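The structure appears right after this line, and notes come after that.
Each chain carries a letter (A, B, C, D and E) given by its place in the written order, and its residues are counted from 1.
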Amino acid sequence: FTNEPTGGTVTLGFNVPQTGPYADEGADELRAFELAVEHLNGGGDGGMINTFSSKTLDGTGILGKKVEYVTGDTQTKSDAARASAKSMIEKDGAVMISGGSSSGVAVAVQGLCQEAGVIFMAGLTHSNDTTGKDKKANGFRHFFNAYMSAAALAPVLSKMYGNDRKAYHLTADYTWGWTQQESIQAATEALGWETVNNVLTPLAQTDFSSYIAPVLNSGADVLVLNHYGGNMVNSLTNAVQFGLRDKQVNGKNFEIVVPLYSRLMARGAGENVKGIFGSTNWHWSLQDEGSKAFVKSFGTKYGFPPSQAAHTCYVQTLLYADAVQRAGSFNPCEVGAALEGFEFDGLGNGPTLYRADDHQCFKDVLVVRGKENPESEFDLLEVVEVTPRAQVEYAPDHPMFSGGNLGSCNPGA
Amino acid sequence: MNVRPDFSKNANMAETAPAFLSVWDMHSYYGESYIVQGINFNVHEGEIVALLGRNGAGKTTTLRSIARLNSPQVQRGEIWLDHKPLHTMSSYEAATAGLGLVPEDRRIIPGLTVEENLQLAQIAPPIGWSIERLYDLFPRLGERRKQEGVTLSGGEQQMLAIARALARDIKVLLLDEPYEGLAPVIVDEIEKTLRHIKEQGMTTILVEQNAVRALQLADRAIILDTGSIVFDGTAAEVLGNEELRAEYLAI
Amino acid sequence: MFGLGKKDTTVFVVVIILALCAPFILNPFPGNSSLAQFNAGYPDLMQRFVIFGIFAIGFNLLFGLTGYLSFGHAAFLGAGSYAAVWMFKLLSMNVIPAILLSMIVAGLFAVVIGYVSLRRSGIYFSILTLAFAQMSYNLAYSVLTPITNGETGLQITLDDPRILGSSATADGGIPVTNLFGLEMRHFTTVDIGAWSFNFSVGYYLCAAIMILAFYVAVRIFRSPFGMMLRAIKSNQQRLYYTGLNARPYTLAVFVISGMYAGLAGGLLASMDPLAGPERMQWTASGEVVLMTILGGAGTLIGPVLGAGFIKYFENIFSKINDGVLHSWFAFLPDGLENFIVTLVHPFVGKGWHLTLGLMFMLVVIFLPGGLVEGGQRIARALRRGKSEDNGAANKASHEPAE
Amino acid sequence: MNLRNEEAQMGILEVKDVNKRFGGLKALSEVNLSVAENTVHAIIGPNGAGKSTLLNCLVGKLIPDTGSVLFDGQSVLGRKPFEINQMGISRVFQTPEIFGDLTVMENMMIPLFARRDGAYRLHAFRSVESEGELRSRAEAMLEDVKMLDKRHMHSASMSRGDKRRLEMAMCLVQDPRLLLLDEPTAGMARADTNNTIDLLKEIKEKRDITMAIIEHDMHVVFSLADRITVLAQGTPLVEDSPENIKGHPKVREAYLGEAA
Amino acid sequence: MDAIILQILNGLDKGSAYALIALGLTLIFGTLGVVNFAHGALFMIGAFCAVTLNRILTLSHQVVDESRKDFLGNPLKVDVPYVNDWFGEAAGATIIDWSVPLAILFSIPVMIAIGVIMERGLIKHFYRRPHADQILVTFGLAIVLQEIIKYFYGANPIPTPAPDVFRGSFDFGVLLGFDPNVIIYPYWRLVYFAFAALIVGAVFAFLQFTTFGMVVRAGMADRETVGLLGINIDRRFTIMFGLAAAVAGLAGVMYAPINSPNYHMGMDFLVLSFVVVVVGGMGSLPGAVLAGFVLGVLESFASMNEIKTILPGIDQIIIYLVAIIILLTRPRGLMGRKGVMED
């Protein structure tokens, strides 16, 4: 198979955005990867290796080979990301590629890994498509997805805002935005909400005023911002600027919802996130043993708590290493088989299943809210609810995920 | 004070008046090509000197060198104007020191009206003729004052270029083919003007292809050939020297 | 030779040799040395060098000869890529029809955009082309998703029809792009001592096409057509009054250069069957402008050098992380090692943009004619080296004796 | 003035009732001009009389407000400059217009291509070097204007007189039927002016060519012209033979001054 | 009707941002003829002036608060800004709150200095170089500036709020007799609009009522001749550049509360501002401002849902579409000068 490690080392490829708008997120992912490698090689305090339910990892690398890694810059462009991944595969002999901070890139790199015959452990990618219509046998996602966000958020929204709400959606005009919007609309309409309008906004938009101005007048009393990254920071800032949150519509307080939160972006939006609901894959304030161990070793090494992107990347690396150990081989097909249907715990989100049908992890999802009185610049979100895994599960052939085909695993040359 | 070069060996220098503008051992290059190859000459206050020579002899290059434009590059030599070392100056400093050049291609500034072209000349001191007075001299320009300078007819542009030089209170006027494209009557007019300002003490270097006309006006003549001076003497001498005229001026 | 002048033949032969020996030239460091990081001789990057070389050669035909600065050339690259991937999806995985279609599509695209944009010149032309390209990019990103697959980019999948081929391979995988069965991805590695050299089918196909493209460009440069284009740059008015119509010439070269871009796009897709909308973004158009100027606009080989330069930075410098830095300077005492790593750190890895920006500035400030001029200067300095002494002596004697 | 003559034969160039205004300025009013084939017709007049404007109307740079311009019986109005040139009209401008970035030889090749191939023809695969015949014609022409030794020079870096001669050579090499010269000898050294006069005379003898020439240098005008039109303030003042013009009192006053 | 008024308002505001950004660019690009790809970076640096001042004002010393814990369970260190110590908590908070308006004062000298250094050190040598070279060098500079900012401030947006009094929005609808909440507009954007009008007016006055503008235009058309007239054109170009940098910077400072500054915001605006300047017509200040407003208003209209349902995606391309139409119908943009960068 491709890039079978022959010497005493094995090389992993960490492909993250180092330039462009997601560079900070990428930097945090990279920190997590470095930490994971350190732990795999027996350095540091071992982090989540100690809490991981599978006990195959012993700090001697993977299958006794010392773990080395190469890094690359995706630039958050599928082209550049593939070029970077290719160089890792062709030049550096990486057996696994991980990382990424956007769904487009994840899907593109996943496709490449499938063709080249290496394993792809997705980083931050939230679109339904990654394990839906674009799923690949060689690709695995630990991160949650738009459907899960919606399924987790809806009950909380119903509890907080009632079932008689009119929602106005602003949606980033690309695949992730669409799946996000579709999921939230379906979930909220199931509660009895009405969707007044869904307006697509150009991805390159920086000023959302002309999209936000008509909201109040539409009769809607909730604004859902299906935006991520800079889009979300700007649209939320703009919405708050317009004073939407101080208004009353239909006799109710006007509310804003941001389905997918990231701590880094929340920081960008500053004060504006206070009291606004959203979902997240993981948060450092979780008190389970795994999370505590991870926050401790990350915080000690870098001086601040990890982001959800860092968490997912760290976990993916451990999961890969463990799968290789269990499979006893680096062969992508055997590793894949070891991951498929794997049940584990101790990595931060409670008991988790790597579902064989679509290579998606199923685990608890967090509903969070912008904190009113943050104590530090990292303390921006508070967990309001840990939605149990059962509530966010869906059938592999759910219409929002249909159309794809895992295909067969490709071990490469 | 800098030591001024000694020109006493130059036979053609008028002994009486001290040189007002002196060019000493000037070498000018366009990039790699060596054009003006070490020329020396003096011009006295109130004099009109005709600078003559074939196409490509280096007349324009000489004037541009004196005016301190960026190209050609003067790589060696000194230029003194009224005790001021022009060779250390940039072109705008040379202009404020009292130099005025009417370039051969007129160089009317696009995008500016006739009047703005003249106003532009009066931004930096010293200020010379008033704009109204210039319009008196060239009524044509007065009529066209609001027209964009570059749409003027060829001759009108030439008038504007000369007027622009006079709008500044200059001591030395460098004219590069000022008669080109002008109707004979206008040439007469300009000649009169040049005489007139000469009387007021203006020093002039005149480059002109119409050698006869130039020599009628000039006190002295300098003839250039491939970047070197081949003759420096009075205008009358040139007119009297058959060989010289035939060889370099074809008249 | 080949209808070229003597000097052009030399340049052409050099290009051929460079292209054929690239696997050796780009892998100068033994695989186990710490400098191996700087090796660029792996298939993907080598392919990129030549493909972007083709793109830049084509761009230079337009910009270098006519002076028309298109800021939307990436649209043709993108259109070519999409066309090629569609060909793989619908027809077969053979690269020939894909490349042909990509050139045709890009050419048609260029006819339309060129016809409209060339009604203006100077900056107005640049902005028109930019506007068209940005429109294409924005549409490809969202509204045209059914055709372009939006942000993710168009990929081949298991359920594509592929009329003349198979939807999937026997073992359920996605088939691979090939040239009549010769797989593009296939490469052989030859190990010589500590060195290992990659010979990739895809690269040699690209290199062959690049050589051809280069040859065509040289011929155009030296043809009456090329001279007309330079005349357009020099004085379009005079051309009209000389009885020539500039428009057909500019349109022709615009389309030719658009087809070069389409060819590059088609090749990109053939090497790696994915077409994403970023390929059309203004930054991509800007990149080819930078490649051309950096290498030396209007010169034959400059654009290729510029393309290599930028792609090298993008792919090699971005991969140097702190870990790599530490391993380089490990021989130093710890304090010094850390100090040097901190010093170098901002310029590599995630700071590769900074180095690239500085390089742009340095090159354009000190080498106004681009990298080609740098080469010329070195050559001149070498030639002059011998006669230096007498030259200096001569000069001294000219100084005035003051 | 010469009514009978005009009716008898149509000139190769017929300008009828041409008017052109620039805003409030009447640059040309009711201009009528007929240039007979194979003659040299000079247009003189004070600065700003509209001479260049008239030429501009002939080559398609300007479109007259009213009136007609016929060349060889065909109207030139509404045609693009390159079409007009293809009809056989070449023009030398008042300020030299050449291809500054090209060498002298390349400057000469372009008009030759235009003559041979028409307004456009893509010779993308033929090399300029191989155009032997055109090259020798270009060289012959350069020889005629005494510029052969400068054929490899970058044309922008020539002195102005040389640029003018080059431009004239570029027009002549096209073998035009009508050559329009706007002050061709301005800024030329005396010797070259004389050479130019000789050259133009020689060419006129050798082939069928009609010339319209604008000049302020009376020496040139009187050496070459068969007929002269004096333009003043946009209207033709007189049209006559050189001898008569020389003595014409109005012309002397308005234009010639002491010079004549 | 109300929707249209709303979008006009919106467009005017958006337009004022475009106009202000384009104004600085047109001074350099339209007037000095330098294709300045670093203009976006200047805008971005302006915004970061606001961030920096905010950081300076919130410079803090840490006080350990034993009662609270940080994320690792250690006692929490609480930051106390020095201004609070000096001026008392209330006054200190007010000063910090007003940091963006204060940054206007702070940014002017900074931006002028940056502009002058940039011109003297770099651009000066490029006036006579081809536009392509200018693009390369200024693009390189833009990347460098951007990376420097990224190095110190990270890649994430940094919230930089406007003073509290400008929070919320003004209800125009009520003024015009519509229902409340129908036509609302944030106060800060009204401030931005007024500020833009002020700056545009000031720059116009400076260039229109003094000969400065004429001299610079002349200098751009023909430096050599202007030098022959005794004018030190270099100095004026430097002043112009400093002015342009200051205008760009001010646009950035005031924009900071609207969108949190990030290191690539300049690049995001770059293309748009070039389009605005060119559509306005090269060399024309009023053209740039007009084009800014026209494109702003049209963009707002295109984002209306009624229009988007008929023409999906129109808001993505409207600016470029309008640019194409204008450039094809008016050869030199809305009010362009002949001959400025047409070749």
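One rule holds for everything that comes next: a contact is a pair of C-beta atoms (placed from the backbone, for glycine too) under 8 Å apart; a residue touches a chain by one contact, two chains touch by 3 or more.
Note that the structure is a prediction, hence the values are computed from the model and not measured.
Ranked by how far their CA centres sit from the centre of subunit E, the chains are topped by D.
When the interfaces A-E and C-D are ranked by how many C-beta pairs touch across them, A-E comes first.
Ranked by separation of Cα centres from subunit B, the top chain is A. Per-chain Cα centroids separate subunit A from subunit B by 77 Å. Our note on geometry: subunit C versus subunit D, Cα centroid distance of 47 Å, whole angstroms. The mean-CA centres of subunit C and subunit E are about 34 angstrom from one another, to the nearest whole unit. Of all residues in subunit D, none touches 2 or more other chains. Multi-chain contact residues, meaning those touching two or more other chains, do not occur anywhere in subunit B.
Along subunit E, residues 312-313, 316 each make contact with two or more other chains. Chain contact summary for the complex, subunit A toward subunit E: residues 20-24, 27, 173, 197, 199-202, 204, 206-207, 209-211, 213-214, 216-217, 230, 233-234, 237-238, 241-243, 246-247, 249, 264-265, 267-272, 284-285, 295-296, 299-300, 304-305, 375-376, 378-379. Contact residues on subunit B toward subunit D in their complex (touch as defined above): 30, 33, 53-56, 60, 104-105, 140, 147, 151-156, 158-159, 177, 180-188, 209-211, 249-251.
Subunit A contributes residues 18-19, 23, 26-27, 30, 34, 69-73, 77-80, 82-84, 86-87, 90-91, 102-104, 107-108, 111-112, 114-116, 129, 134, 173-176, 200, 202-204, 405, 407-408, 410 to its touches with subunit C in the complex.
Interface of subunit B with subunit E (complex): residues 67, 69-70, 90-92, 95-96, 100-101, 103, 107, 109-112, 116, 119-121, 123-125, 164, 168.
Residues 39, 42-45, 48, 138, 141-143, 145, 150-153, 155, 157-159, 168, 171-174, 176, 185, 198, 272, 274, 276, 278-279, 314-315, 318-319, 321, 323, 349-350, 352-353 of subunit C are the ones that touch subunit A when the two sit in their complex.
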